[in-house]
Each structure stands twice: as C-alpha cells, then as structure tokens.
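Note sheet for the following structure.
Chain IDs A, B, C and D follow the sequence of writing; residue 1 opens each chain.
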Amino acid sequence: MNKKGYFGNWGGAYIPEVLYETFKQLNQAFEQVKGDPAFWQEYIDLMATYSCRPTPLTHAENLSRHFGGGQIYIKREDLNHTGAHKANNVMGQGLLVKRMGKKRVIAETGAGQHGVATATMAAKFGFECTIYMGEEDVIRQRPNVFWMEKMGATVVPVTSGARTLKDAINEAFRDWVSSMDDTHYVMGTVCGPHPFPEMVAWFQSIIGIEARKQILNQFGKLPERVYACVGGGSNAMGIFQGFLADKAVDLIGVEAGGKGIDTGQHAARLASKDASVGVAQGYKTMFLQNDDGQMLDTHSVAAGLDYIGVSPILSDLWEKKRVRFAAATDAEVMAALDLTMKKEGIIPALESTHAFVHAFKEAPELKPDQALIINQSGRGDKDIFTIAHAFDDPSWKAFIRGKGEEYAT
Amino acid sequence: MQLEQQLGAARAQKDILLMTHLVLGYPSFEVNRQVIKQMVENGVDVIELQIPFSEPMADGPVIMMANQESIAAGATVQQCFEFAAEMAATHDIPFLFMTYYNILFKYDEEEFFKKSKEIGIKGFIVPDLPPEEGEKYLALTKKYELAPIQIFAPTSTEERMRFLADNGAGFIYCVARKGVTGKKSSFDEDFAAYMARCRAATDLPLAVGFGIADKSDVETLTGKADIAVIGTATIKLVEEKGPEAVGPFIASLR
Amino acid sequence: MNKKGYFGNWGGAYIPEVLYETFKQLNQAFEQVKGDPAFWQEYIDLMATYSCRPTPLTHAENLSRHFGGGQIYIKREDLNHTGAHKANNVMGQGLLVKRMGKKRVIAETGAGQHGVATATMAAKFGFECTIYMGEEDVIRQRPNVFWMEKMGATVVPVTSGARTLKDAINEAFRDWVSSMDDTHYVMGTVCGPHPFPEMVAWFQSIIGIEARKQILNQFGKLPERVYACVGGGSNAMGIFQGFLADKAVDLIGVEAGGKGIDTGQHAARLASKDASVGVAQGYKTMFLQNDDGQMLDTHSVAAGLDYIGVSPILSDLWEKKRVRFAAATDAEVMAALDLTMKKEGIIPALESTHAFVHAFKEAPELKPDQALIINQSGRGDKDIFTIAHAFDDPSWKAFIRGKGEEYAT
Amino acid sequence: MQLEQQLGAARAQKDILLMTHLVLGYPSFEVNRQVIKQMVENGVDVIELQIPFSEPMADGPVIMMANQESIAAGATVQQCFEFAAEMAATHDIPFLFMTYYNILFKYDEEEFFKKSKEIGIKGFIVPDLPPEEGEKYLALTKKYELAPIQIFAPTSTEERMRFLADNGAGFIYCVARKGVTGKKSSFDEDFAAYMARCRAATDLPLAVGFGIADKSDVETLTGKADIAVIGTATIKLVEEKGPEAVGPFIASLR
C-alpha cells in the first residue's frame, strides 16, 4: 500500500462523512487485533472447534486421470460450517465485533452464503442480525433465506436497482449510516472501503496458509497453478495469499462468463474488456459500468459472482500481472459440475465450479508430476433449485409441482 | 461572483435562505424545468441539481428511486450538463451539482470542472468523497474557482469539522441526523448543540438538510442555520401533486 | 460375542443359502482388514483428505448457559462430506470393496443420507451404483434423490410394503441374491446379518475415538453422559464405542417417539414396550412387530429413524443396561431444532435432533463442571422441505407454489 | 408316513413329481381352497403353503405382493394353521409349510412344530434359516419327525451341499439360479452341471424351483430332478384367469 487503504492504484475509503468516526474506530480495532497473536489464535481455535478447520485438501485422482495432465487437488472450503469459505471471514469479524462491544450485525448477501454465515455467527455470538439481499437473489436462493430466518435473522429483500448483490450492499450502507453506534457491517467480501478489503483478506488467508502446508505435505512440492472463482474475490484472495510469495506459482482468478463475454451478459471485470476504473460502494476498482459511470446489469448463473466490482487487491495483482484472469460461462459451469459430481462425488457450489472449468481447461498443459489446486469455495447443495432447473430434471419438476399444489391456497 | 459571496449577499436580506434539491431527468427534464421555474419564482435561493447515479449509497428510498428512474428513462451526464447550462443561463440564482464521485471520475475530473465552470455551476456536493480521497477534486475546484461543499455530520468531531471546513468552500452542508436522506429529523436539544459545534468550527454559511418539510422546520432552523435544505419533500410533492404544487409549497415555507 | 456373529443373544446371520458363499468371502475380507493396521491407516487418511476428519467437538456455550446445567458439547458429524456420519461407514466399505475387487455397489436408504454417501463413494471409487429407497422416502427426501442421480447412481423407488427403509432393505437383498458376484451390498447401519453390525460399528468407531480424545483435551475430563439418536444405531454405536470402557459414562440412545409412544405411531424399539424379539432382515433383535411376527408400520418425522429394528449390538447393551434408551416426539424435535438454530447457529438433521431433545431434558441435572456430549449425526439442510413444512413457513410455501406454477405442464 | 417315503412312493410311479406353491390367504382362503382342489385333482404331488410374512426378503415381486396383500386382508398365522389342517385332512398328498423364520420364532418354535404335526403338515421350507442358525429348529423337526427341507443354490460348494443335506430331510430344494422367486431360469449346460453336483451330494430327492412355467420346462427337468416346483406361475394364472384355470394348466404340464 502506498496511500493508506490503497493497493497500488486501487481501494481507498470513499465513505460518507457520517461514517468517518465509525471507520476510524474500526480501523483502530482492526489494527489492534492484527498485531495481537492471541486474537489470531482465538480465531484459529474457534474455526477448529466450530467450523471444520483445517479443511482438507483432496486429491482428485479420477479427474486428474481423466484430463491426463497435472494432479488436481481441491481445497475443500465446502466442508466449513455453513458450507462455504464465507464462514472464515464472518467468524473473524464476529470476534472483532465482540471486542468492539457492538450488539448488532448487518450484512449484504448475494448467493445467500454470506447471509447464512452471518446469521449463524450472530446466533453463536448472541448479536441481533439483519441481512440485506436483492429480491432476485431472495428468489434464486430461497433455502438460504429460510435458514437465515430460522437462525433468528431478519432478511430484508432489496427491491431497488438490479435487485442483486450491489443493491444489497447499498441498502446495508443505508442501514449502517443510522445504526453504526451499536451495529457493525459485516462486509462479505474483499471489497468496500478500507479496512474491509484488507480485513477480509486477512481472515481468509487461513485458506492459503493451510493449503500451502497441505500441498507440500501431500504432494511434496508447490503446485504450478492455483485456481479460484472471483465474485468479490474473498475466496480467491484467501487461497492466493498462501502462494503470493512463491513467484513460480501461477494464480488464476475465474470470473462469471455468464451467457458469454460477447453477449455482455456476464460479470467478468478483469477477464473481459467491458470494465473500466471507477469508484463505487466505497472503493476504487474495475467496474462494469457505462461511459457515464452508471453500473451495468451483470449476469451469472451463480448469484455469488454476479457483481459489478472486484477486490481492489485483485485489481492491483491483475495490473501487476501477478494474477491472471479468465471467465467461465454458465454452460461450461454446468458441464464441469456434472463431471465433478460423477468423477469425484463432490458437488461444488456454482460459484466454485467456475474455478473448476478453467482448471479443467488447463490441466492437460501440466505434467503428471505437477499439481494444481482448485479452491472449492462452497458446496452446491444450496444451488439445488438452480441446478435441477438447469439440468431440466423431470422428477424434480414433478416433485416441486406436487409440493406447489399441496400449498395452493 | 463565487458561491460564498452570492450566498452572503442573499443572506444579508433574509433570515434564512432556502436551498432545494432535485434529481435531474426525474421524472423528466421538462418537469425539472417547470419545477425550477416555480422554485425560483417563489424565492428559492440556491438549487442543488443531482446528476443521477446508479448506486446512490447515501440516499434514502425516494431520491434513490428518482435516481434509478431517471437513468432508466435514459438521462445522461451530457443531458444533465445541457440542462444545467440552460438553467444557469435562465435563472439568476446559484446552481450546484450534487452527485456521487464516480460520475465526475468517469467523466474526467478536469473536464467536469472545466465544463461546469463554463456553464455557470457554482459548487459541488459529493457525499462519498471525503477530503482524504479528494486531493485532485480539491485542487481542481481551486483551479476553476468552484466551491467544494463539505459535509458535517452529527458524528463529526470538532477537529474533523475544522479539517472539513478547511477543505470546503461556499457553505457547509450539515447533515441533521444520522441516516440517509428523506427521513424526518428531530430538531431537539442535541440538534441545537450540534449546530453550535458546527458554528464554532467554521465561518462558512451553514446549510441544514435531511427531512425538512414545512414552515415550522424552517422556523426552527432560523437563527441556527443560514440555509434550510428541502430535498425529498419537493420530489414527493411533484410525484403526488405535480409540478404546479411546488410554487405554493415553497412560498409557504418562509 | 458368544456365538459367531452374536452380541449376547442378538445378531446372527439369517441369510438365504444363495448368499452363503458371499458372506463367507465378506467375513474373510473383513477379518483380514480388521487385523491390518495399514487398512485402518488408509481409512483414516481417506477420511482426513476427502471428508473432514477429525470432525470438531463444539462447545455449545449458549445452550449450556440456557439450561444452566452441564457443559454441552456437540460432536460435529454434520461436517463430514455429504453431511452425515454415514460417510464414515460408506468410505470404509468402499475401501473394502476395492480390496474384494467388486465393481458395483448397492444400498438401501431411508433419509437418503446413506444413499447420497454411497453414491458419492461409488463416484469416487468408480463403482456402478444402485440405491433402493422407499417410495415414501423418495418423496420426503427428494433433494437427496436428485444428488444421488447427479452423481451417477440409479435410484429405485421401492413400492412394496410400507415403502420405507425396511422395504428398501428387502429390495436391496433381492438385488444382491442375483448380483453378488460383482456386487457388494453397502449396508447403511449397524444392522443386518453378521458381519454387517460389527463392520459398520468398526468404521463408525472413528467418531468415539475422536470424541474421547477431544473432550479430554478441551474439557479436561470425561463427560458424564453421551447422547445419540438411534435409527439402526450406527452413529450411536460410533460415539458410544469411545466410552464403553469408561463405566462411569452414561450412554443414552434416543429413538423416534413420533406422534407419541401412546399413539403407536413411533419407531421406539428399546424405549417403548411395543417391540419384541424377532428375526428379520437377516438378524435377531427387538422389532416393532405384531403377535404373528408381522412388522408394524413405524412413524417418525425423521426418515432415518423410521425403522422397525435396531442394532443387535444396542439390544445387547440395552439388555445389559450399559446403554439406556429414551424417545423424543416429532413435536419435541421441532422445538429443540428451533432452539439449537437460534442459540448456536447450528442446524442438526431431524434425526440428530432427537438426541438434542433428550440431552436438553437432562442437561439441568448436571453441574457446570460436568459435561455431556451430543452426537450430531448430520446436518439439517436435507430436511428443508420437512422443516419448512413443519414450521408452516409462509414465504417458503409461496416460493414453492411459484416454482410449481413455473413447472406446470 | 414321513415325507421322504411318501415322495418315494409317488416317484416310483412317475418320471417327475410336481410341487406347487401358494400364498395362504391370497387372494383369499376360499380361492386357495379352490386352487388346491384343482391342483390335487390334476395330479400335483406335494403342495407348499406359504404363511405370509411382511418381509419376504427372498421372494420376487409376485409372491412378495401376495404376501403383503394377504396380511393386509387380515390373514393370521392362526387362520393359516386352520386352513392347512383342513387341506391336510381333505387331500391325500403331503402339505408343507413355507415361511420365514420370524413366523415360527414368534409363534414359539416348539408350539409351531407340535401343532404342525397335529394337523398333518409334513415339512418346512424356511429360506432365511441356514442350519447354523437353526439348531433348535433342527432339533425340533427331529423330535416331531417333520422334514426340515434344505435349500441348495448354484453358489453352494460341494462341501456345503453335503453339510446341508446332512441337516435336511424329505427332499432338497434346489434353487435353479441366483436371484429371487418368479424369474425365468435358463436350463442350460451350467444348470446340468449344477444338478449333477446336487445329485452327487445327496441321496434325498431333488426338487427344482424358480421360474418353472410350462411343459417344456418340466420335460427339461425330467431325469435330472425328482420334483418340479411351480410357484409364481400359478399365482399369476389365478390373478389373470381365476382359479378355474389352474386345473387345465397343471394337467398340461406332464
């Protein structure tokens, strides 16, 4: 960071004046815990006893054989409590909130994973909890909404804008500017105003720390490449941090190619030419926006990748060519998901499957004594409605029809 | 004449000035035109023209929807400039641009200020741009002799207020309460203390916004502030009763 | 065991002659691996890298405080890959099948967890896979059916008998008596003919081995009591084995009380007076049957507990008074689930929640410096349709109605 | 007279004997009565009466459904005994009970055999009771001089066959193939070799079952086996054409 809160040319804290003091306190609190090994140990212990850390690194032998190239390893963030890497960040912020003495947490959520994780953390820590979720995502991810509510959270469907993740973020900020005295905003990814990108990346670094140790243990040497899907970028930053210093390790972020880059219906910020530098939602990064600076509608089959911006840290690493970016289309994602389920008995979240797509494309470029790691950020159970729909599963449809009739008024 | 002098002159004749706000292109530029005419004719002293942005993080539901519908109806930054030029040429009161930073940033900041200067815009309110992030912005407003209006919040410390005021010009926009635009503020004792803090921190005129809706609100502010800001109230009025209702409303305020 | 395959008076191998050789081979193969530390190590490694073992032991501080008695610890089998303890048994049997050189696996399933686990294992090991599932359970647990199919398994709805677990077991045997040359029947619980109870218990013992170590580590001494739900009894045997030798540790199995023991609509074999000694599905145990020996219809909100028989090992431990039994009703289960979600951010499977019910009842009997462990055999995600229905969730119903209309033909 | 002698006497007069099977209480005891009458009148030599069980693990779909419907219609073990007593008293051929072990076990094994003996039942087929689990069963059949019919399967080794034969009496039920009841078996070379193995292992008469449905099946068995067992075929026949069809069908087999 040259300027405070910046990663190269990216980041910053473009916040309304009313939040100035809140951010000052948050920065202080974060600086304090960052320098406190006891805090990190508390975090590690919590994740070890409440979630399932360290999560395993699985050697995907069948897929490796299938592609006939490098050895494919999968970092299993899907085995976290609540089913995704989101738990890491949320539990960490939960500990921080406890230290700050606040009593309520709010969060935005796209796929619903961050919402579920936050609702879970709030239940565990005894905080009040409100989750903002784009109305479209409420529909796409209803099961997650149900669980959030059952865990005691209030889920507010956001009907403004495109009714997706970015709008939920705006709404969360709108809540925060009046509630900041007792409320912490649990930002769900490595975006937003400083210190969020740095803080979320710090908590997520647990993924990469583990993965590096595990691959050395299990494979005997570093991987050639590490793949991660990129929505906001938190799971990617999580695993990449383990290998940033290993210059030879190629790091690949995979964005949502949606219906194809050419169609404009995608969410590829760094893997397409459609994004440009901008400032929104409190930070400077590459945004999918028009020439006036108005944000575009994005599209992805994976709600968690369906976002206009991207982590300022990743924009920096992209600019510096330390991380390269690719996009996977909805259709490619479905094919890779199918293959992964059938070959390995593993069901990655639609978000995570984006990373699989690109790893599969490149696996044949490696030799059998080389390895690659895919970060499986979450599990696909939450996506059953979307997946069953995409595969046009007739008995699922019949089942839903039947249930629907049962509930007919 | 620069904004501060213009306001000072007006203030010399009135106990309190009125500043109104509207979202450009909502519901249409034509309605904007009618509304502004009525505002000016009924004694508004300064008008804040909001260039719509797709992510109006600091705005409440009414202004947020106005932003969204304006963009959906096709309003562009170019059209906003053209319309603002026409207003500044037509009406003899200062006009300001209010918008989020990305609009300036994408336009090219220097171009934005050059053009604003050309068409007679006097100042800017950019709620998501604290001075720390606005070095270039501040330098350019200086260069073009335009007012970078700073915002005080009830959460701002005295030190922070001084810092903001040092970086501001024209007047200070004092947010009456925490939260977004559009909700009613209560002008209670805390508020009086807050205004006293604001006053102590700067010699710039003080504008007070967020939820001012009627004559009694304006009366309460008189003596404490220099400018009463009416935002959401007129937007709602136009939505409910049409642009004709704006004149009588404004007239009733003071 | 006095007689081969017996636990006290319970167990045996009441099998058709055509399977005699198959069982002989299976017994030999099992004896061989049981004596082979390398096999157990292979199993441990597999579970560590593919599933998430050791699964954590979570201190439920809020629930402990809420009940004001002993410290409640939860053994987190829900964090296993596929979401339940079933994975332990299935992966173990998978390794055994590989050793035996068979190419196909079949399994019965009730809740669908064992089916999903088996389909997963089959995908991982490259086996063909057929799952038998009572038609009623296919309906109750449709999401699990969907995943099994996506993982490449064939799911056969069983329309005979009560269309639940016991009928699926019969169907699996019917498949096996013609396919045994290349097919292994992956029995899902500690029931059925010898060596299944012993074998499944052996694989599941990993739960108790871990739990004992963990509670000593985290709490400093042994727990007073250990609670587990009992369907067939595999998760219960899994955790109980860790404490069987510790005579002072009270072991409690919780069965399905359904609509209440008095209604007859339950599945409480050992906690009610409704069961009697019998021989069916290849083994001798306490069955819910009428005076003629015809099996009764059982009922539970939890498909995985809805079974007529119970592990012969548990019948023995019950007879010897080493394990005591209780029942939890459907209504009690919903209340305990609600409390657990809200207090700890944890969603136990409906099956597992039975154990929570009874632990909650007894927690106040312990002192704060004493501990109890609840075995959370699985996660509740799979039960969303049942839980949302039970809580009569209006937005869930509206969501399903909408989806149903979308799929109307 | 014990079963083995009875069968021996019949066999002395015929190239092959016919054994039929039915599920008691399915579709009703009345229909059972009609069916048995026709069977006996058309030359059946021995009849296997299956007492229904709710978990008929070794039976295929047809017999399984018959078990289930019989129980659903209210058939009890007591009624089965009464009906069997009537049949044994009415018809001059041996009757056997076929059922799963739990039925005997729950009834009280000793009572079960005592009663069976009383009413004139000659033997038992219990497909889920290997000799290893049947110590008491075997002792009681001996005590009451009843035939514990053992089952050979194509998977049985020679050693195993001898062991089974040592524990059996009456005849040996040779399962023609792997699998459950009701599916067609192919009487090919493997089958011939299997029958030779069975023959070598015991002097008891050999019955062959599983999927025998017409005269040509029976002809194929003649010379290889002593008894052809017709199970599922008559149940299906009754379901499709009623009990009257059973007589002509049986007559057509030999």
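As a working rule, contacts are C-beta pairs under 8 Å (C-beta built on N, C-alpha and C of every residue); 3 or more make two chains touch, one makes a residue touch a chain.
What you see is a predicted model; the values in this text were computed from it and never measured.
**Q** Where the centres are mean C-alpha positions, what is the separation of subunit A from subunit C, in Å?
**A** Comparing mean C-alpha positions, subunit C is 33 Å from subunit A.
**Q** Compute the distance, rounded to whole Å, between the mean C-alpha positions of subunit C and subunit D.
**A** 37
**Q** Approximately how many whole Å separate the CA-defined centres of subunit B and subunit C?
**A** Using C-alpha averages as centres, the distance is 66 Å.
**Q** Using Cα averages as centroids, what's the distance between subunit B and subunit D in whole Å?
**A** Computed value for the inter-centroid distance: 97 Å.
**Q** Hey, what residues on subunit C touch two or more of the other chains?
**A** As it turns out, subunit C has no residue touching two or more other chains.
**Q** Think of each chain as a node with edges to the chains it touches; is that a line, ring, star, complete or other?
**A** It is a line, because the chains touch in a row without closing up.
**Q** Okay, what are all the chain pairs that touch?
**A** Inter-chain contacts occur between A-B, A-C, C-D.
**Q** Applying the document's contact rule, which stretches of subunit C touch subunit A when the two form their complex?
**A** Listed in rising order, the residues are 48-52, 55-59, 62, 76, 79-83, 119-124, 126, 139, 142-143, 145-147, 149-152, 218, 338, 341-347, 381, 384-385, 387-388, 391, 393, 395-405, 407-409.
**Q** Taking the complex as given, what residues does subunit C use to touch subunit D?
**A** 12-22, 160-161, 166, 170, 173-174, 177-180, 276-282, 287, 289, 291-295
**Q** Touching residues of subunit D toward subunit C in the complex: what are they?
**A** 52-61, 64-65, 68, 71, 76-77, 100-103, 105-107, 127-130, 132-133, 150-157, 160, 164, 175, 177-180
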